[in-house]
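Multiple structures follow.
Two complexes come next, and they have one chain in common, subunit A, joined by subunit B in the first and subunit C in the second.
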Partner chain A sequence: MARQAVRQANRSDVRKHEGFLQHGGYRWLWIALALCAVSIAAYLMIDAEPRPRGGTIYGYTLGTIGALLIGWLSLFGIRKRAITTGVYSLKAWLSAHVYLGVSLLVIGTLHAGFHFGWNVHTLAYALMVFVIVSGMFGAAAYAVLPKELSANRGETTQRQWLETIRSLDALLRDAAQPLDRTEADAVRLSTEQTTIGGSFLNRLSGQYPGCGNSRAISEISRLGRGGTSPHAAALDLVDSLLKRKQATLDQARRHIRLRTILEMWLYIHVPVTFALLAALTAHIVSVFFYW
Partner chain B sequence: MTFAVRTITRSAAGEDIAHRPQIFESADVVIGRGADCDIRLADLAVSLRHARMTKVGADKVSVESIGAEPFEVGARFVSKAELKPADTPTLIFGSHMLALSAGDDGAVLVDVTRRDTGPETASASNEERIFSLGSSRFGKRPAAWGLALAAVVLFLIWPAFTFFSGQNRHIHADQPWSTGPLSKSHAFLAKNCQACHVKAFVSVRDEACLSCHQSTRSTEAAKQIAANEKSWGGPEKVTLVHDHAAHDLMRDAAPLPPDIGGKVQGLFRRAFNHPNDRCASCHLEHLADAPIKTANAAEPARPLPRPTPVLKMVNNCSGCHDGLRARLGTTTLRDAPDWTHHPEFRPLIARTPIGAMSPVMDRISLVEKPTDHTGLIFSHQTHLAPNGGVTRMAVGLHFPGGDGLACADCHRPSKDGKGFAPIDMTRDCAACHSLAYATGAGGAPRLLPHGHPEKVLAALQDGGGATGGAQSRQAPGFLSRLAAYFGPHRSVDAATKMKALFAPKGLCSECHTAVAPADPQSLDYRIAPIHLTNRYLPWGDFNHDIPEHKRDAAGKPTCETCHQATQSANANEVMLPRISACAACHGRTKARTPTAASAECAECHSFHSPGMATRKADPNAATKAPTATAVVDRPKKLASTTVGQIRF
Partner chain C sequence: MADKVRIAIVGSGPAGLSAAAHAAKIGVSHVLLEKTDHLSDTIYSYQKKKYVMATPTQLVLRADLDFEAGYRETILDVWNKGIADGGVNVRYNAEVKGVSGEKGDFTLTLTNGDKVQAETIILSIGTQGNPNLMRCPGGDLPHVQYQLADPGAYIDEHIFIIGAGDAGIENALGLAADPAQANVVSIVNRSADFSRAKDANVTNLMAARDAGRVSTYTEASPAKVEGGWITLEIPDGETRLKCDRIIARLGSSPPRKFVESLGIEFTSDSRDAYPKLSPNFETTAPGVYVIGALAGYPLIKHCMNQGHDVVEYINGNVTLAPADEPILAQKLAHLPGGLPVAAWLEFLREKVEILNGLSPLQMREFLIDSEVRFYRADEVIFERNSIGSSLFGIASGSVKVEINAANPAITVPISAGSIFGEVGLISGRRRGSTIRASEDTIVIEIPRNAALKLMASVKEARDTVNRITTERTVLQIFGSGLTAHDVADVLAKSEVKEIKPGEAIIREGDESYDIYIVRRGSMVVEREIGGKPVFLNYIPAGQWAGEVSLVEGGKRNATVRAAIRSEVIKLDGDLFRILLNRKPELVARLRAEMSTRRRINEYIDKEKDKFSGVLDYYTSVAKFLVDQGVGEATDVLLIDERLCVGCDNCEKACADAHDGLSRLDREAGRTYANLHVPTSCRHCEHPHCMTDCPPNAIHRGPDGEVFIDNTCIGCGNCQRFCPYGVIRMDKPPPKKPGLASWLLFGMGPGPGEPDKAWKEANAKAGDGSHKQAIKCDMCSGIKGGPACVRACPTGAAIRVSPENFLSVALLDRGRE
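So, the complex of A and B:
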């Protein structure tokens, strides 16, 4: 019995989700920290005259390590397209990608010897920092946001929201048939001028100041309801449909906002990585060109 | 039958389905969304009662808005229109299209179609676009490739192109490649990368440096370089350097890397064609903004940029000179691992007796108490003996000091004060050793031509009759001594005088070895060559002008501390001090010796000017022109040309 209990406990442990940051008991965090510690210790011990720089033996060593790291980190874009498991699983790669990527900040800075200028060398460094910082943002987002995303979504899906909105629009069109011109125009604001996603700023802020559905709601309430006439009943129905649509829109937009945050850093991370690879090539070639 | 209204819908397969027409026998029909309308359009963009269509003739209908909302005919919004069904006009209300045509029996056929307005906003086909940034206009790929291409073109292709096409003098596309500012002395080359980086992917070679700094180049080349430098705003003065030794000797003399790290480094250097025996291995450029460390932390940092390139020695002196003989079997140099193991001085000695003008010279250690072959008969001891005849003569002649001869009476400092001017008999000896042989016009003595034995006879013949007579101030008893040589009679002939001068105890033979002619009838006397070594230690510098070298604490000259002249009876004795004399101060501590001095190699030696001490750093160097081991003045205006490795 006891053995079975242990087995079950183990099994439950195995099944417990382990994020990419915690992968392998923070294996890559420790490796990255060790790399940084060795680099910093060597930097402090080696007395480079007249100042630490990339042109010393230590500088070349760090530069080589840094360039190889950058090359390997860039390959993640290819690697991520093949999802595998095990020691060399995609998660292990991602974990290494994140921690070694951050350690590159230390290696790159020590390689530069804290010395910067208006040249291709500092350009490569700046692009590297840009890529790393955007990557740190992305890692943080992926560590925090999926939970929120899941909480917001509940048991629904993106497609279900769209279906809901679509059917609400159809209902609204039907319900508004008896309404007069002004009222119908208000409903049309909802059915025809509601953007679900919107611009980048809309998506990121979750604010939709000109949202057709919101305007429709305020317009209908301004036009007044009440009474028991069929017309008033139609207005009441329209109003309740608009509010239901608003609730769905809000949920979808919260989802969009979270997804935007999850995605947007990649729009810096990936293109700047390409620019970095180009600048890094120029940096290395120029050093050997004017050797 | 007036109006036949036919609704056309589209099947799932995309085919139009025309429903059975609805017939209106009235003269007009009302078009609108309202339930009471004849032609009902379930479209919120259509008013409840939008328009009325009236038949106004056999072949004409009139359409008129009921409210304020217009409708569309022929791409125009109108409130009223008269149309001929025969023309098949189309009316548009919201998303509905009413196509009129002439039906049977004069009826107006109205085909009502709902226009295709594209997928709805919330269509499932829009899902990705709605929820993801992925389909936004600024895709990752175009941005990625665009940025990468821009970086490669701007910072790699363009600079490389200007280099290979030789245009980078005018288009400075390679400036972003610079890793840092050049020192002040080279700042004029900042935009002329190719002056030093002559070949792509080849490290800066000595030829590039020597095209300006070589000490042995021709004057003409120097002028051209100077002009080129000037045209680029370069300095008119340039430091010229001598080779420390032949390049291959230096390469072989350098020790092998002691540790595995050094060996690996060496492998990389070879693999990447970046040897560390180049000028640029020690003189580092592009670091002019690197802080200059001062010995005293409280001292303010020197102004930047640095005046000269950073000096970072690949090997220090002892690195090569310790164990040099083992590595460089051909060398005659002794190993000098450090000051305490510095070999004894080995002065440059004339090894053979002076029989020819070019004696065989050799370095012989002072340990061996070498004897020089000066060819001179001279005793410092005699000249300096306190109660000797020379001293008495000096007192009688009122020499400075009044107590006999001092070193400085004969040894005059050289122009720079570091050493001594070569002994000049007529200047340094003739005050006593007079060469006067007759009285000339105005009572001035006539002097024998020193250094020219062949001219002596002619001089004697010319003024031979005036021996003796009035005593001169020039030298004690000069004529009477001559008379003694020449015999008691004043009227001896020139030939007799000549023989007397060069005879064993004659005037010349006092200091020189006279060589009598082989033919007894000949008067062709000669003097054996004199070889006074001006510098016994050609590879070491010594500055006699340094106060501690010149005078002791009491202010007395210190010549005898090092040179035992009062004990030296023979001019062939080498009176150099042993190295231990130097070590009395050099390498000591101030606590032990007040006149303690450094034991650095640079005190007496330098790398680029062998035989010279290394110039001491000028405390004001940063604000001055670059210091120079040897500086040549350059002509200021010359035509610009191409010289050596530099492309200006």
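So, the complex of A and C:
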């Protein structure tokens, strides 16, 4: 066991088996809760008249904490991509990101003192809420979807699906040789008009109404099969190839759908973060200069 | 051929070529006999454009042919020209199948019946051996081939691959890779599954089969070959299929039989043994010399130097100092005493017991790989818990072992002539104690590979190491103030046994009470619950099994079987009980360990009704992990697919931390119960990849990582030997713009390994980098440890070692 101790010691927590939500025994959840509790308690205790808001000491404090938090939260994208040396864990960062990010909801609202209006201050607040809500969506997706992703994928990889589809296409082209014109055209629907990913809506819904391959399948079955002639055998072969292709397509598309959900919120989360940073700057500048 | 030549050189690899070139140069009559119709078949068979490296760099080339690092094509051209210009007498298609006569008057018989007369023979046939042949009728037809140089060269053919080992599968996949070639590729496997090949290959083959690119015939064998057709014997009869080409990959038989038929003795029966040689490369058959890979020197430079030297020796210049003399001299220069190289070699050989049986030539080779070190009194040689698998022999002086970590004053001496460090060598585990020099001491440090080779080729060395290891293991494991004297009886009856994977050493319900020490490999402990085996525990090398029945009597309460190929030391129960009666401390020691094991047992007993599903789960996951090589791993990357969002940040981090090449493939690999074992190095206790690395470029580093250093020649052997398919051959991509330029201005390909198109577009010509073996190095030297794990945002990626993961931790997972 001694050798374990040595390795453990110089390896921080790489062996800990905990997800980002549980990280460190919910350390950041507790810290975030404490932060919220202190803020709320202070808000109630100070109970100043007029009600505390941005302009008071208490308000400044919360505002500063909030702004620093937003700045720090925005750095996550860089932390994620800068592979530096040193003991850090992106999981710990994400854990803190998620819980402190949610706590901003409380801090920001208290900082605003429930005063809203049509101005840059409320714009900043709204953008912040928007980022946070999208983040919550993302965290929820991260927590539940991977299991489905794994179940769908089994032990195959994306590259294998693409290769399978490509080689089925080659076989389909061969198999279509003995067919007559209309039938061959149906097969070409599959080989030439099938997109795997498709538009954002396709990917998100997993529905592919105009899918060339499914059209090819129904065309072929409409054109009729059966019998024992060589021609019928060729049609049977085509039909089974089309169905194999469909199965692979379905699997790939389920994968794509889940990956789309796991990623799409980032297309809100990140751009709105930039908008938020701009609005926040405007908010701070306007408070200091025009107040 | 009537004329008798001075020297017949058999085999035109780098060794034979160089010998022939030198003979021609100094005007010695000679003939170079080559089996194929071209020179140097091994190198000729490298893949096209293979970059051939000229290691070791510090060794000077002493040959009449040029050789420097370069492409296969260039090197072969230079040699072809050198041989033609030098007036070398070559005979192609001249495979030697037998030799008769004696020194001064040999007759070599070729397969075509021709005879060649020679005074001496240089055997430089390498280690390739001969491919096993197709034995069915028609197996000798011209469209049956045993090699596939360029899979791209065949179009529109019906091709059958016979033999479904890695080579066969790789050929099949290569031929079917490009649909445009329109080959119809089939692979024929004698057994029902593809268990002989690597997982990665089998997975790819299955995918290719499912995609209709390759047909597979299992439990099938060729029955007859005709022009254009092959007949296969399949389980329900025979079938005749269209076939334009057959590629038989049935393995090859090493050339040893042939060599022995010439009256040449080998150093031992082991498969790794080499012919016995004098310092001048003469074998036990006078007048027959062996050089090159066959003599145990696989690097081209060595081969060529030996070719030169052996001709000099045969020509009477017996005092010529070998080309490695300066290297050895430099190695020994720092030692006190200032002896010449030969004297040092003799000194070491005589003093260190396990080296006694070596020949002067073997000693030279040995020293090239090893280091001779000088330590002053009290200097540390190695520390407890450091990683190391080299073996030390004490040439003069003595050392002391600090057996008690808490009190370094308690030491045990080891005297001159003996060895230490053997536990790390045998088990691949960390050093058990710190060792210091007691006085001024000279030791020889023998790296793992050289030590294994030594044990394989010299029986006395093997016996000595085994005897010493058993004694020390027993003393070290059981501790409690035992001395060698106490355990002498037990040791005298001890046995070292090799255990096959899955074989049981102890069976539940048996009445036996022997005790076993796992000396290499690992064991799993199972109990039958509700008619099914339940996984209880994992025993790594360096621990023992079977103490409960020994101490407390009664039937065996669990089954212990090998997780992987293992070696155990069996200690006789009766003798051990006598020892226990004399040594109550030892009983206490065993009981302490038993209590932890018993806790697991009781826990399982308690849980078994409530959680039978969990236990099943636990057992099946443990089994899956052991099958995936976790049983021989020291450190393995796992991905919990319940958490992995597929962002591939782990791969990107790996690439960014390592010259832009990722050493892991997250998606590939096996998955069970949401536990995914990605394609990434397991840092095996006894790495298979080290088996045959010509420049010895694979090592175990200070953190236990198995890594490949820069001397890698890119031969791909390690890739073939690694059963987990984790080694890739590649060269670093061009440097990309930094993260800030990408974030702000979108410059470069962004984080992670650049795609192929970018690599090609940005490649700089002649940047001097060539394909080398690339694998996970556990991020050694990178502060903070494994980048893949640090960069996983969700905590899905973890690195574990089997003894803390293959444990109750799995039970907790099952319950979630």
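Basically, the second predicted complex is superposed on the first by the 268 of 291 C-alpha atoms of A that agree within 3 Å, B and C clash if a C-alpha of one lies under 4 Å from a C-alpha of the other, contacts with A are read in each partner's own complex, and residues count from 1 in each chain.
As a working rule, a contact is a pair of C-beta atoms (placed from the backbone, for glycine too) under 8 Å apart; a residue touches a chain by one contact, two chains touch by 3 or more.
In this text the structure is predicted, and so the values were computed from the model without any measurement.
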May I ask you to decide whether A:Cys211 touches subunit B, subunit C, both, or neither, giving the answer as first, second, both or neither?
-> neither
Classify the contacts of A:Ala176 with the two partner chains as first (subunit B alone), second (subunit C alone), both, or neither.
-> first
Pick one for A:Arg259: touches subunit B only (first), subunit C only (second), both, or neither.
-> both
Could you look at A:Gly197 and tell me whether it touches subunit B, subunit C, both or neither (first, second, both, neither)?
-> first
Is A:Thr281 touching the first partner subunit B, the second partner subunit C, both, or neither of them?
-> first
Based on the superposed arrangement, let me know which partner A:Gln160 touches: subunit B (first), subunit C (second), both, or neither?
-> second
First, second, both or neither for A:Tyr142, with subunit B first and subunit C second = second
Is A:Val187 contacted by the first partner subunit B, the second partner subunit C, both or neither?
-> first
Identify the partner contact of A:Ile220: answer first if only subunit B is touched, second if only subunit C is, both if each is, neither if none is.
-> neither
For subunit A, which residues belong to both interfaces, subunit B and subunit C?
-> 158-159, 163, 166, 259
Where on subunit C is subunit A touching in the complex?
-> 179, 203, 207-208, 210-213, 384-385, 405, 429-430, 635, 640-646, 649, 652-653, 656-657, 667-671, 674, 676, 703-704, 739, 743, 750-751, 782-787, 789-796, 798-801, 803-804, 809, 813
Touching residues on subunit A, where the partner in the complex is subunit C = 2-4, 6-7, 10-12, 14-20, 22-23, 78, 80-83, 85-91, 93-94, 142, 145-147, 149-150, 153-160, 163-164, 166-168, 170-171, 241, 259, 262
Over in the complex, which subunit B residues touch subunit A? Could you list them?
-> 33-35, 42, 44-45, 47-48, 67, 69, 120-124, 126-127, 129-134, 136, 138, 140, 143-152, 155-156, 159-160, 163, 174-180, 193, 197, 200-204, 261, 265, 268, 272-274, 284, 287, 290-293, 310, 312
Interface residues, subunit A side, partner subunit B - complex = 49-51, 53-55, 57, 60, 115, 117-121, 123, 158-159, 162-163, 165-166, 169, 173-174, 176-181, 184-185, 187-188, 191, 194-197, 200, 203, 252, 255-256, 259-260, 263-264, 266-267, 270-275, 277-279, 281-282, 285-291
